[in-house]
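Next come the structures, one after another.
You will see two complexes here that share subunit A, one where it goes with subunit B and one where it goes with subunit C.
Let's turn to the complex of A and B:
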């Protein structure tokens, strides 16, 4: 049913989405914590920047990443000086682009969960002589668990469903940048609709199960981000 | 009462008005022909007074759209296979298919003096990436693989290939400097008979099979005068001159 190229694409997609999700949880948590707690004037602008990938068309985002990561771009010059070379057309280029692209899907649920905690649990922990790190790791993180689970699932699913960005910076290299969405696109363009249907079917089934997981997990009606509303 | 008397004339006037502007044709055009088609159409509109609406995209996508009821009346493909497919499926006015342009392939770099109008740079292997259009999807990509095969460089270069989904994306990879080299359509780097930027090798045409691009009149445009005029215009000397200036040949 699946060709070898399909299986390569599926494996690559899962690997990419897993790496990106882990990185996003590491990068996204401090950003979410800061956004949830800060009174700073920068909260608005930083929040807006994090949310930008929601608005920009993926191909537009991808095109500017291609320029930024290119030999004349800011990121490209940095990576060249560090001896890494250029990022486009590589697995790690895709990872970085995907982290940017899926950032709001991870930061926002975590931020919402942390905001919903309020001051009280943290203050109580402080009166019990918990230090700032202890308060964060032993109180805030466990209590924000639903937000983290939503964030992980959405970040993973969003990376699997990514297309425009990959198309722009990927270069369609087997086992490196040719993910499932690109493979489906290739089938459609080549008029091989049968093969496209099979892969697309798999993707629909996968997405359904993932979303079922999110909504089933949340239970509470009217909550989208894993937070009681 | 007065108004009632005038009403039939008003209605007639409206009908006439819509008819006058009905000489409009909607054409779907393969991405590689974008620049040339805009110039041809500008001249066509000036000469005939018709109005042309243009949609650009990859031929494969346009094909799928036509099969699913897109309102296109004329289709300029990047190859022959897709117009033939539409012919078989009964979307095309019989006998309307013809080759409107024959594409040429160029090896291009955005760096000046990187290529000296030959294959030396390609053979030397002294470049980071080689951008080409996906050979499965784009005729220019297929032509590029034929050239590499003819030069015996397929295996040597394969690890450096990056593929664009279409020739426009292939161009982007080179234009942004991410790939040193790329096989692009000559039409993309040529304007008014000259290659305008970077450096290039215009690949000898005997190294690849001709990239024949066919146009068809679709059944939706069968009774549209503007559509028929546009098809005829594409065969005119005037149109050919414009098409040549973009690096295409015609027959």
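Let's turn to the complex of A and C:
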């Protein structure tokens, strides 16, 4: 049913989404924590910047990323100095662009979960001799678990579903940047509707299952702790 | 009362808080408290009692403050010891258990962070003191409000505090749950040798648990002293009202099994109370509500009232209720309070210095 090229695209997509999700959880957690706690004037502007990918066309985002990663861009000059070379049209360029593109989908659920905790558990932990790091790792993180699960699912799914940014940054290089969505585009361009159907159907099924997971999970918050209430 | 330095708590906090649309709140308290027994911090809501406790814990930072606990400075002009460095236990008003941990997991959170390793005897003692053995494997969501609070108290003890701070630990519970926990708290005060600061607005809880009371009104300290001393005052707004009443300390000196009565000597005055099974010599604390005390010119032998004491009027204060007055009476060296209507005051032509008989309709054994 799947051609060699299809399998390559599926494998690449999964690899990209996994890498991006892990990076997003690492990058997104401190941002979410800061946004959840700060009283700073910068909260508004930083929150807006994080949310920009929600409203911008992927082509706009991809265009600027392309410029930034290019030989004269900020990121491009840095990567050249570090001896990595240029990132556009490479797997890692795609990873970085995807991290930026899916950032709000990860930051917002975590931020909401952390805000919902309120001050109390943190104060309780302080009266039990837990220092600031312990309070974060032993209390805030485990109590925000539902937010992290939603964030991971949404980040992964959104990365799987991207197209515009991939075309702008990654182009269409087999095994490097040709993800499933691009492969479908190629099939349609070449009028190979049968193959397009197979992959498109796969994407629909995947997305449905993911969303079912997210909504089903949110409906029963009691189950998060392993306790049926 | 003079207190030796090193065995007391010196606290001085000044803090102003501005919140939108509300009058600014100011806490301005300087006090010295005994570092033993239960000190109740009493006041109506908005009096600053919780804020005071949070300042002691370091959860709130007073703009200007000084705090010394048994010779150790926790806060002064130069330093502010963060909460997690202070050797204290804190019990919050509502459930404060970590939802992602079982009751036992919550206790372990404290054990892991306590200064000294917890011996299994200590653990067993605290767990049985709070009566929580059967519920240790449950999650907070599976516990009743009273059970949660008992686990929270056990957790606060397992951190091995040098002072225990309790912020209205019963306020979020209904009356039945309250009655369920009160005996545990009473046990706690007799089995602990660390001072307890207990915030409450419930007069009956304080009458039962406290040894020492500080009264706050609008962020200011208005009275402080031994429980019976403070409870014999009628000039405190926080204490006047339906629940006003004196607290006496006494000792059982005689029992009358035939009538199920016990005679309790409180200084030179003797009172008959219900015999609840205490041996002769048992110390008890009695509460005599002002509304249960009436006055008469003669001893009135034909009355059904068991307890009658000769008294002298010390002073007369208007009550919050416009129809009532509070009269302070000296019965030997003890103070009794009576709550009468203004009309009785007028018809009996009562005045300071007069000698009368107080008839006490009921005496409650608070412990």
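Note that the second predicted complex is superposed on the first by the 219 of 229 C-alpha atoms of A that agree within 3 Å, B and C clash if a C-alpha of one lies under 4 Å from a C-alpha of the other, contacts with A are read in each partner's own complex, and residues count from 1 in each chain.
Here is the rule we use: a residue touches a chain if its C-beta (ideal position, glycine included) is under 8 Å from a C-beta of that chain, and two chains touch if they have at least 3 such contacts.
Because the structure is predicted, anything quoted here is derived from the model rather than measured.
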| item | value |
| --- | --- |
| A:131 touches, of subunit B and subunit C: first, second, both or neither? | second |
| First, second, both or neither for A:148, with subunit B first and subunit C second | neither |
| First, second, both or neither for A:123, with subunit B first and subunit C second | second |
| Which of subunit B and subunit C A:190 touches, first, second, both or neither | first |
| Partner chain(s) touched by A:33 [first = subunit B, second = subunit C, both, neither] | neither |
| First (subunit B), second (subunit C), both or neither touched by A:86 | first |
| First (subunit B), second (subunit C), both or neither touched by A:156 | neither |
| Contacts on subunit A seen with subunit B and repeated with subunit C across the two complexes | none |
| Subunit A-touching residues of subunit C, taken from the complex the two chains share | 57-59, 82-85, 88-90, 92, 96, 98-100, 109-110, 113-114, 139, 141-142, 155-156, 159 |
| Of all residues in subunit B, those that touch subunit A in their complex | 58, 60-61, 63-64, 85, 128-129, 131, 134, 136-137, 161-165, 169, 172-173, 176-179 |
| Residue ranges of subunit A in contact with subunit B within the complex | 63, 66-67, 69-72, 86, 88-89, 167-168, 171-173, 185-186, 188-191 |
| Residues of subunit A that touch subunit C when the two form their complex | 120-121, 123-132, 134-135, 138-139, 142-143, 145, 222, 225, 227, 229 |
